[in-house]
Amino acid sequence: MRVLMIGDIVGRPGRKAVQELLPYLLHEYRPDLVVANGENAAGGNGITPPVAAELFNRGIHVLTMGNHVWDKREAENLLEEEARILRPANYPDGTPGRGYTIIRVKEDLQVGIINLSGRIFLSTLECPFRLARLLAEEIRATTRMILVDFHAEATSEKVAMGWYLDGLVSAVVGTHTHIQTADARILPGGTAYITDVGMTGPRDSILGVKTEIVIKKFITQMPVRFEVATGPVQLEAVLIDINPDTGRAEAIQRLQLYGTS
Amino acid sequence: MRVLMIGDIVGRPGRKAVQELLPYLLHEYRPDLVVANGENAAGGNGITPPVAAELFNRGIHVLTMGNHVWDKREAENLLEEEARILRPANYPDGTPGRGYTIIRVKEDLQVGIINLSGRIFLSTLECPFRLARLLAEEIRATTRMILVDFHAEATSEKVAMGWYLDGLVSAVVGTHTHIQTADARILPGGTAYITDVGMTGPRDSILGVKTEIVIKKFITQMPVRFEVATGPVQLEAVLIDINPDTGRAEAIQRLQLYGTS
Amino acid sequence: MRVLMIGDIVGRPGRKAVQELLPYLLHEYRPDLVVANGENAAGGNGITPPVAAELFNRGIHVLTMGNHVWDKREAENLLEEEARILRPANYPDGTPGRGYTIIRVKEDLQVGIINLSGRIFLSTLECPFRLARLLAEEIRATTRMILVDFHAEATSEKVAMGWYLDGLVSAVVGTHTHIQTADARILPGGTAYITDVGMTGPRDSILGVKTEIVIKKFITQMPVRFEVATGPVQLEAVLIDINPDTGRAEAIQRLQLYGTS
Amino acid sequence: MRVLMIGDIVGRPGRKAVQELLPYLLHEYRPDLVVANGENAAGGNGITPPVAAELFNRGIHVLTMGNHVWDKREAENLLEEEARILRPANYPDGTPGRGYTIIRVKEDLQVGIINLSGRIFLSTLECPFRLARLLAEEIRATTRMILVDFHAEATSEKVAMGWYLDGLVSAVVGTHTHIQTADARILPGGTAYITDVGMTGPRDSILGVKTEIVIKKFITQMPVRFEVATGPVQLEAVLIDINPDTGRAEAIQRLQLYGTS
């Protein structure tokens, strides 16, 4: 079973990268399941029904989110109604939407997907470690193939999650920093791991935002209005092969593609 | 002119990685200048005279530091006396040691090295952007070949520094997160850039520390005593080729080596 | 029913303030219950068995703690064995010690005491709001007189806790900032509230620490070894009168006493 | 020479408190100079020309600001043109507006006013300590009467500033937490000090904001739109008497007034 996990899609350039480059990936690698982090998909912040629809139409099966999940007003209803969009599971009880799902990818194959948020430098949420274990054990009653998107800032917290879940889930992939890391590996227990999948959006930018705007903010400490950058795009992702019988990852491969637009 | 920049060396395993793998790198790539981040070289935190001496003996020419610079008592005197060890230049006026240096690598080649610290999620220091520009312009009176080690946490701040200094310095390399990133590139103005060079130390660890200790901390929120992990080691670095006439980078290559020990 | 709640006792000077001034308070105001925050009682950080014993001998019935709870090694055993010392209840499951207690103050009077920690700028713990309500409702099966020590940094979080628990508990008193606030009041539902009770320790200090050391740290950004200040002492506290039948607070009075030593 | 310093004025209720209660204060205490923190004066966030004009018309001579200084677009021009509005002086070089001023209060009396921001838990700005000393020494060439509004979060940083400037300025008054502290005193060198002056605005609120909104945010971790609370208002301030010959404070008095509206 092969999963393609795409890093944070940023705004229109990110969606153009998906439009232009996902067909190639689908044809070339024939993933059974395509997951993407969509927290920045709508104008750089949050998600809306049309943006989600567009991404599902392109071939993405499940969207995960992160700290930007509620940036767009429509998100609350959208996540209540759309089971294919996840938000971090460690938001408090009563939060709209869901933090994990089990999706059928072939007649006989199901994959569990868990979305979690880190707490270091980020949000005051429930403990992602304890919840990850709880949810993983619950999902394993149905399937041993489990993918975790751990949306977090600190490398220590992300690497710790990989080791903590090693052997319990098929893959722990980090998102949020928008920079792909070069540490993809299979941990000893069979869990594929990468600290960050990276960003899908404008290449000449600061995490997707126009460089001059972010620099101005750092230099002047004045408020700025972030704008998604333009120019050539990139798509960053990982491809993970999972043994359906054991749930163990057999391979993880980093992907960095550049679009013509 | 070829520079080898080695990511944060962590404790004894990190020094063993240097001992075992640096000779190969020196032989294979023949760098003219070897710089390494040494903020974790002594027992995982800080630097001491014998540890610095050991690293210089192995062939490292300059050590940069970061937020752990003062963890060992001996560091204050050491940095006052040893011009080959830098601490972030944006510490306040009056801080012991120096934040940049110009080193002669061949009879006719000089390279400026600047060490800076980020402020996001890290330390309340002087603005690293303004200071970087100031120092770079000062050093350019002597040489156009300038290497910046930007020791910082947030990817946004690091990428912003790359774009901010593009064309003014030869390379901006990030350190501190201990995870190598997969975004090495030459920016349009000729500055080599990578968000993080990575870590030199025990491979099966959380940023160099024993996995079970860090996980215990996250799960229990109790204080723990960090211990450097054991087992097989890695050395992470980048190799940068700089045109001595223009100061522009001509190539940047990520390196990840694994030791037998 | 009258409760005396004493703000963070800092080191030997704090304990001297208790020794010198608590007898006067006991005689003058005749509280039925004396609670004190003891997170800094041992040398400025944490608690030890002899220090706890000393404070209990002086007439304190219950000690609450905060972010410094584990600073001393002996604390884990101490809190496991000593039911009169509380640590924030919103530490994760499995944490040594307990976060609340019910204490009998007269034959027919019982008071519940809950210790909680804030999360803003402080610690990544469980939600103190949800847990406060849960615990308060549980304790109300036994007694309506409930005192909450909310150990937190941000005024917003502390004031919010007051309003959130108004009518459910008898008092919400803040600790941790070491500066007494001038906002003691009875909220409309009958809950006594103050953002911070203040500090019991050396008066001419920065939160109990020698002024020159803290200033040096801010100016130089170098590591320093904190030392408890010397000189004249203060004891800061609040006195709360609670109606035993309704659990409603009838009065809250700020106290600031200065010792001769 | 008598200065009235009014704590953060929050929105319309804060301005109503000024309208209703400042005439009484002017009549009763006859201050020579009235300073107020205006960072929340316009709708709870920032300042606009009409709001500033209204406050100047009521008898306020100088407005200080804080982290909300740029929340309203009009602020940049306003602070460039209006010398009676200060923003923290430790914003970087090139920031619009000014961080200190010297104001003539009688024919023969001038007072220097410095606005500074803390860095702990707040903003990445220049060192407020070093700058405070620099500006104070500069102003003392003209007058020894100097008032510092230190807009900061952490009590440690604020108390440290008081001790650091003791004897160099007439008063260090804290703002930003919106809760008045009970620690007003004259430090040994003659500097009046209080950690926080408090808030001028709706009394039954969380720092001026509707209680249910802030509580919802803490409980749900969902984004909320802050609204200034309604109901009875308060005005919090301090009154400081300064010896014009020495610049030493002779008295500091906390004020908490409640309006009928």
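Just so it is clear, A, B, C and D label the chains in written order, and each chain counts residues from 1 on its own.
Basically, a contact is a pair of C-beta atoms (placed from the backbone, for glycine too) under 8 Å apart; a residue touches a chain by one contact, two chains touch by 3 or more.
All of these numbers come straight from a predicted model, not from anything done at the bench.
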item: Same or different residue numbers at the subunit C/subunit D copy interface, by half rule; value: same
item: Higher-contact pair (C-beta pairs counted), B-D versus B-C; value: B-C
item: Intercentroid distance (Cα basis), subunit D paired with subunit C, Å; value: 30
item: Centroid spacing, where centroids are CA-atom means, of subunit B and subunit C in whole angstrom; value: 44
item: Sites on subunit B at which at least two other chains make contact; value: 92, 124, 127, 130, 219
item: Touching residues (chain side subunit A, partner subunit D) in the complex; value: 70-71, 91-92, 94-95, 123-125, 219-223
item: Touching residues on subunit A, where the partner in the complex is subunit C; value: 92-93, 119-120, 124, 126-127, 130
item: Residues on subunit A engaged by subunit B in the complex (per definition of touch); value: 121, 127, 129-130, 153-157, 159-160, 163-164, 177-183, 188, 195-196, 198, 204, 206-207, 211, 214-215, 218-219, 254, 256
